[in-house]
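Lettered A, B, C and D in written order, each chain numbered from 1.
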């Protein structure tokens, strides 16, 4: 669910006022030497001439607002964008993406600034996005994609993987339910709480890691 | 149709009271040393510290209830989940998945226990799932996926592959038929019986096996 | 558009009363030694213990009925099956699949024999399918797939590739056109004739061949 | 979004009256020795017996009409064709394809010549296509595909990649919005201008290039 423009950051485990994000390069090509350290205002600490990602303010402002978040993923999840532009709310219908049941806000950049290229190019936009995200595990970004957070890397990545898959499933369920006038059984609140709390995506992690390290 | 969370088990050919299931690892990464033997209560016989799959009770309780079943597949088949949450019945329209015509029940875990994470974490839930499955070749699991069984490995795997494909075809057929007010020609009972009895998926097996052994 | 069950045959360039078809094995695994020669009644000439494809009568009866056909492809083209079960006619809307504009019949096996497994297991069914195909470049097979023919290998394969792609495009066009009450611009008869006559798929052939020879 | 029939050309950086286009071969198989130089009337300058692409007039006539264009891509983008045959206008709803908001014309070849195979086989058709394209970044071609231009290679390729992706997203958004009577939030004019001007797809280029050079 990450194209050449997605990015994944990690808060430093040693200093909560710092985070790591690769220089501006497609995720599939990132190497260890591409990692840059930033402070929470998203100023690079050790850039040494490497180009920073324009939208790093997504990461810095979320780390500032959410002390428990250790990982932030931004992507252009293709099945999520249609929800972001129609206002149809994403809902939890698949247990692997039960976290959707906590409610995913949709960030409308126009409410903060008009006439933008939709990118989070500064801390004003970053703070507004973090405010929209509030305490949720993810937020849609209208016409742009999504931001997904977690207490660790597997959780933020796993939520991103299954957010995309659940979006496809919900579109299909809406299509199936409509002709027959039927309804969709979403996870109820108790199921969301039971599932979202436990789901760590640890079982998938070694596989995803192996595939990610198998470079082009 | 198997993501990092599916699992496939085999009943022991030597002892019908035992089955084999890999430790908790993504199917693509399974090695011979990952196989654990279980009794039909799903207690590990030879775990030696290896972590068991939480949902092993799916397997044990089906082997207990269905003496002819030698293989059980559990998956999160993405095109099947939308059927499981809408109550639209899956029907046989593709000869490779004629077994659907025997009727696939949909397991609603809420009828057994409320507020779960939808996982089959104990033998009570496993027995309920096996009771829903009854004598059928597969059952949907609401908001979760499916369980598919067979008298041998190729048959359970082949049914899983074509269950997913048939689900996509049925969604497309419903979409095509709707605007023109048309109807869908499903396999009739005689066709289902003629096809389902003979279909062993043996022709596909060497190809699937070759691909599965080509690891990441 | 060929899964483990598709098959491709060639009429012998030396003897029009013979054709070649691989033994019963998934197409991706076929080797030269798998080729068996058949007469037009689909009796193997040189089987030497190798297992014949059950549905070889598709090939033999078409070669018997259509003297100009040198290649027959049978497949389970996934986007074509939904058309075969809904009676929605496939129409030409993409120039690479202009041959669809010649009109594709849909073979309903029930009109010949009831209660089958939908397979073309003998020459009676093969002759009926060939009669349905008549002089057309392809025919749908209800709940099963398609048969596609050509004066040479690239043409029959190219038509198969673009039949699948055009089916997807037509489903999408029907979906797009419906809400707005719009209509679809299909290729007209003159365009079909101009395009179908010239389209040999020769440009694609070296690429498809290179990919097909890159085995699992 | 390029199948065996797409083609990409570059205007010569040394002589604006010349462009380079590979001989008639699938793009995935192109080697340096396949490049042929053409004048703007699409006469080969150095063919040396190599077969020219029939539709080279697409390229020559656009370079003639649009002095700033340095790269032309022609493809059969599968999700774009359904728009081309239904008259549903493509609109900008994803920031990576904001250029769609400049308005994409749809070339109807019948208005120029009836009964064609839809190919741009001569300069009359090439000039008509260039006139339809006018000053826009791309044009649909009814029942055929699209032509996409740019001031450099990454921009024309990037627009092609995201045109396909945006077409899929728009089809899904239309499907989502319809049942609830909802509407779609497209990028507004100011957003289109802000985004389209800046979007150079440079970040993606090294990844696409690495993948393209990884031949079959």
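Note that a contact is a pair of C-beta atoms (placed from the backbone, for glycine too) under 8 Å apart; a residue touches a chain by one contact, two chains touch by 3 or more.
What you are looking at is a predicted structure, and each value in this text was computed from that prediction instead of being measured.
The chains in contact with chain B as well as with chain C do not exist; no chain meets both.
Because chain A and chain B carry the same sequence, their contact can be compared by residue number, and under half of the numbers here are used by both. If you lay the C-alpha trace of chain A over that of chain D, the rotation comes to 90 degrees, to the nearest 5.
In terms of their C-alpha centroids, the spacing between chain A and chain B amounts to 31 Å. Chain A and chain C have CA centres that are 44 Å apart. Multi-chain contact residues of chain B, defined as those touching 2 or more other chains: 175.
The part of chain A that touches chain B in the complex is made up of residues 93-96, 98, 165, 168-169, 172-173, 175-177, 179-180, 182-188, 190-191, 193-195, 198-199, 203-204, 206-208, 210-211, 214. Across the interface of their complex, chain C is touched by residues 3-5, 24-26, 28-29, 76, 78-79, 81-83, 85-88, 108, 110, 114-119, 142-144, 171, 174-175, 178, 216 of chain D.
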